[in-house]
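In order of appearance the chains are A, B, C and D, and numbering begins at 1 in each one.
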Amino acid sequence: MVNENFEELKHTDVINAMQAAAPEEEAALAELYESMHQKHMIPLWTQIDDLMPNEPSPNAVPHMWRWSDILPVAEKAGELVPVGRGGERRAIALANPGLDGRPFITPTLWAAIQYLGGHEVAPEHRHSQNAFRFVVEGEGVWTVVNGDPVAMRRGDLLLTPGWNFHGHHNDTEHPMAWIDGLDIPLVQYLDTGFFEFGIDRVTDEASPDISRSERLWGNPGLRPVSAVDDTINSPVGAYRWEYTDRALREQLKLEDEGQPATVEPGHAAVRYINPTTGGDIMSTIRAEFHRLRAGTQTRPTREVGSSVYQVFSGRGEFLLDGVKNTVETGDILVVPSWTQWQINAETEFDLFKFGDQPVIERLNFNRRLVEGDNQ
Amino acid sequence: MVNENFEELKHTDVINAMQAAAPEEEAALAELYESMHQKHMIPLWTQIDDLMPNEPSPNAVPHMWRWSDILPVAEKAGELVPVGRGGERRAIALANPGLDGRPFITPTLWAAIQYLGGHEVAPEHRHSQNAFRFVVEGEGVWTVVNGDPVAMRRGDLLLTPGWNFHGHHNDTEHPMAWIDGLDIPLVQYLDTGFFEFGIDRVTDEASPDISRSERLWGNPGLRPVSAVDDTINSPVGAYRWEYTDRALREQLKLEDEGQPATVEPGHAAVRYINPTTGGDIMSTIRAEFHRLRAGTQTRPTREVGSSVYQVFSGRGEFLLDGVKNTVETGDILVVPSWTQWQINAETEFDLFKFGDQPVIERLNFNRRLVEGDNQ
Amino acid sequence: MVNENFEELKHTDVINAMQAAAPEEEAALAELYESMHQKHMIPLWTQIDDLMPNEPSPNAVPHMWRWSDILPVAEKAGELVPVGRGGERRAIALANPGLDGRPFITPTLWAAIQYLGGHEVAPEHRHSQNAFRFVVEGEGVWTVVNGDPVAMRRGDLLLTPGWNFHGHHNDTEHPMAWIDGLDIPLVQYLDTGFFEFGIDRVTDEASPDISRSERLWGNPGLRPVSAVDDTINSPVGAYRWEYTDRALREQLKLEDEGQPATVEPGHAAVRYINPTTGGDIMSTIRAEFHRLRAGTQTRPTREVGSSVYQVFSGRGEFLLDGVKNTVETGDILVVPSWTQWQINAETEFDLFKFGDQPVIERLNFNRRLVEGDNQ
Amino acid sequence: MVNENFEELKHTDVINAMQAAAPEEEAALAELYESMHQKHMIPLWTQIDDLMPNEPSPNAVPHMWRWSDILPVAEKAGELVPVGRGGERRAIALANPGLDGRPFITPTLWAAIQYLGGHEVAPEHRHSQNAFRFVVEGEGVWTVVNGDPVAMRRGDLLLTPGWNFHGHHNDTEHPMAWIDGLDIPLVQYLDTGFFEFGIDRVTDEASPDISRSERLWGNPGLRPVSAVDDTINSPVGAYRWEYTDRALREQLKLEDEGQPATVEPGHAAVRYINPTTGGDIMSTIRAEFHRLRAGTQTRPTREVGSSVYQVFSGRGEFLLDGVKNTVETGDILVVPSWTQWQINAETEFDLFKFGDQPVIERLNFNRRLVEGDNQ
């Protein structure tokens, strides 16, 4: 059914080939376009190539930030900028170079390094935006989510789904830095954001080893009978490194035993889920952890939707649309929609990943192209 | 809208009040009924009271079996009856006294004690019926489910959802007994059962401490990216006592701290779930574990659907439609639909519970009446 | 993985081959069985063949009732038996000969002819049981469902989902008969039934051509913004013959035009649905209408779940497990679970069909075997 | 839990109150900000007011376009601009004045007038973007969707869900204009768009009165048994004015009879749905039709998500954040997220409405504030 001749063409090729207007036609057209402009009207035919490309052509670009660049900037901000009411957080966003200087790592996602000095408190607030934190190093801060203090430690994923009051307090003398992921750009784009200030400290300054949410939800395959109604977002405050690490280790051992467990040879991966549904942790953000054996090379893949990786440990390279990025612990990489990505693990290679796939899937725009698969 | 006068009446009261037929009418009626009988037809009006009672009036009755009665019978069977192909299992069903001598504990559920001698093997088969095993004492048997050997130990819940090949082998010199729960009566009633023999032993006679399914699924809040498609029944072979116990203990501690966690004061409870959906472990059977503090008294409750309890530890009493049953470790109790139940815990009281609530809820027949609630 | 040797065997074959017990063993066994009996316990191994057959072996049997037998019986009942409070309805059930004299057409379903004389009223009541009526001939009765009078006419399907008050009144001088379908056996089996009397007449004795529910929901592809929350059962009181007939006619025309529309060549079919979900009209009952061109022969099929057909018009034959049943307008046929069925249409052949497939599917027991398909 | 003092404040108020930096601090800060800029990093604290407002503060503004302005521009384009391969469509977008000159009526939605001269053909293509057309006047064009010719007539809603080939052909001598609605901005924002050219004319130039999709799906409460699997988007090509009009008329009549039917007094409304699910017609776009009696005044309402209205007939006014817009047949209005809207009907007032609510709801950002309701 497809017009074979046009298959590789773009709209503009066709338009250009068709146009050779006489001067008087050009004048009439100019007048028409001006009258449209007056009435806030714009023709499709002059813009269709940008509006409806043959395949996704994101403004966002692949980019990599080094941890060795990010961390010193955050430390400097720790010296100069107070944390507290108004600015709310000492968070520094990674700005995709393709996105016009806006503080967004992808069109939908915000990624920032947050920095909290010894004994500092980031005051409570709540907002429609969904948030998580991932800890690549350090410990000593408790994030208090709806009154439940949640310890933050290396390798942990901590959740603050939309409209939960939350603040952070550093219970030690030492500063701590971590990564924040939010759907700030999406919420701004959709005009869906609400924000409320809470108290100026945190509602519970205790520093328990484990949060109440984990005590309720932290046992595999069990849910409280007092909480059998499903929740939109995960009720779990913390996903601990101990379990993530064990799950990945077991997948690789099972692979060694010849059992199905990994996503491809040498490539173990877990998705963080909402235990009430088995689905993604929050409506707009997917989070996963991937481990590659040294020497593993993933299959070149394109996916609709955008993803961010932070190297948790090890060393390897990302080929993004053919460009090699060598990365190590703490480095952060963004893979825009439909960019071809391939990962090569130099050492055992641990990667935290998050992305906007729940948005893409809920709106039924998901598509995926893996080199070597039948289309 | 309700007819107030009839509210407390039954159909038969009304019918009796209306009928005072003349002899010739009676003869004509008898002839009519006979002609119906010839044609396999039956009038509603003579049967409506049984067919459409004002509220559920089960044939099944509340009943209690003592572990001290059940276990010796199973041991005796262990001496006299071989286990193996044909009879398939040395399982002895608990037969509800109200169900006409059929081996069913409720209209929908089968509960049996199964007994396997030292080094015996129950050969593999598969069937549409969903099954679980719960271990009230002992260890040493591995149930092999689709080739995955699953250790059975005290307090564990083990699953064999429909159409998975499974067999059991005792890896020790000592016999072991446990409880089997299945939906045999429901499958028979609905005429949905298929059965196939497998190999005469088990496909994998290893005796690992932990099954492959647990290694894949046993980490809270995580699922393998290689298994993101939901499954009808839980992919988890074993729910270990360690986690069940911990979950209940934490609920009671949270209650002590003034936090919401228990279903009512002094009453902790967890539901076993399918981690891919957060829902019940199998389409037809719900399983839960309840812990009551010593001295706790639950609120008198009626529910549509039938339930079975086994005392795991402690001592207490069940008031079933006002009749007291004092029970202790191993004893098994059945609570038919709409029977009023209330539990009083003499000591700390641990109860394994299963029932047909997923059937009731999926067909939208669920109703519940708790004394003291607004209706 | 299957044991090839046992594949065609039944349990009993195997058991018989294994048993040749010595007299003293027989005595010990007898004693064991007696002690089980005392304690309400029953061994699996003596019963497994009945409990777990290789494939469904229903007690219900294929059977056919002639309209020319049913209708006169109903008319006679109209003379002899009053309709009204207590007996509630002048309904005569079709009793499957395999079901021990109970008034059930299948294990889950009730099918009855109901008869209402000129100007008679069947008083209001409500019950958990889901009900529908299908009209094979006649008109003049209004069924009033939750206060909404719904005209009953030839070819119409009328719904009374569980717990809606309903009564019927005949607005004419002439009697009318129709078919009632309910899930009475299922509700009795599951012990889920509640019943309440309503007023002694109907709440609205008007006789509008079209019900309020149809005025709200009767426009294809549209739903009221005042009713955007989904309902468990269909909010539609009547599915009119005009639309059913048109839909079937169009499917056959589309087939003539070479377009996909029918389920197999010459076989058009529609399913009645709940417009709020696109799913079955009620939680427990599926209803469909099938039209076969003269000469069409359907493919021999087995399905888990039971079905009932009423011939609406035309003439044809049903082959049920190889037995031929020739039927015509008004005749009713039951097809138990896993019975092989094949329909041959002598003339254009219109069939109303209902069954318990929503129950089977919600519990994930559905299976289907069509001759000629790859398994 | 909320900090009362800050409740009415914005972030910037607080930040300004806190800042009174010494000159040397300002220099250090400037240096820090410059180093961030170099590394593609941006601080949150200087931008939070824009990024996380207290409530949605859209860039898009309320705006109104007059049909009497739009139509002549389209007619002029009809004279000057050919329709055909490359530019693809003679469509002129309505550009929200707040959206930087981009051709988008809201951040997520595209609305355009499309114009097709007598006997012109808009060639086939397909794209990820979901599309519909709504006809405010005229007829004579057939849109051919996946080979199915669908007549376009006054009051009809026609669908072209994503990735269906479609083209249009005018079967008459007269031009025709209509409104196109698509999710072009959303697809561009999410980088999810694919596009393919099809044949240069349409695959079926027939001009049937009714499409094949309507013949299959156009009967209320019925679905083909050959199509019982749900589809992501509606399989229906056309929603005809005849049914929309009847549904609205019946709602107002039911209101007159004292029955629940309308959304508020004097305000009837229907939602166009996917009959396979009862949900919205497409994953990203909701479409409804509203009818207000003369004199009706709707309650002032704010909603998250953006909406577009076209007056179909009658005359009335929209109060948008307190600004009055008087509109009549053909005029188009946009209501951005969280803008307060109220409609006053001068005459009977018929409104076609579409919006991005399925996106908002699937991502769980929906919120609504109706004046007078309890919050």
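In the analysis below, contacts are C-beta pairs under 8 Å (C-beta built on N, C-alpha and C of every residue); 3 or more make two chains touch, one makes a residue touch a chain.
Quick caveat, the model's predicted, so the values are computed rather than measured.
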Legend entry - Partner chains that chain A and chain B have in common: none
Legend entry - Length of the line joining the C-alpha centres of chain C and chain D, rounded to whole Å: 44
Legend entry - Intercentroid distance (Cα basis), chain C paired with chain A, Å: 51
Inset, instruction - Quick one: report the Å distance separating chain B from chain C, using the average Cα coordinate of each chain. - result: 28
Inset, instruction - Classify the chain contact graph as line, ring, star, complete or other. - result: ring
Inset, instruction - Report the complete set of touching chain pairs. - result: A-B, A-D, B-C, C-D
Legend entry - Interfacial residue positions of chain C with respect to chain B in the complex: 1-3, 6-7, 9, 11-15, 17-18, 25, 28-29, 32, 35-36, 39-48, 51-58, 60, 63, 65, 69-70, 73, 76-77, 80-82, 84-97, 101-103, 107-108, 112, 124, 127-129, 162, 165, 184, 186-200, 203, 232-233, 283-284, 304-306, 336-338, 356, 359-360, 362-365, 367
Inset, instruction - Name, in rising order, each residue of chain D that touches chain C in their complex. - result: 212, 215-226, 228, 230, 234, 236, 239, 243-244, 246-247, 250-251, 253-254, 257, 259-263, 269-278, 288, 290
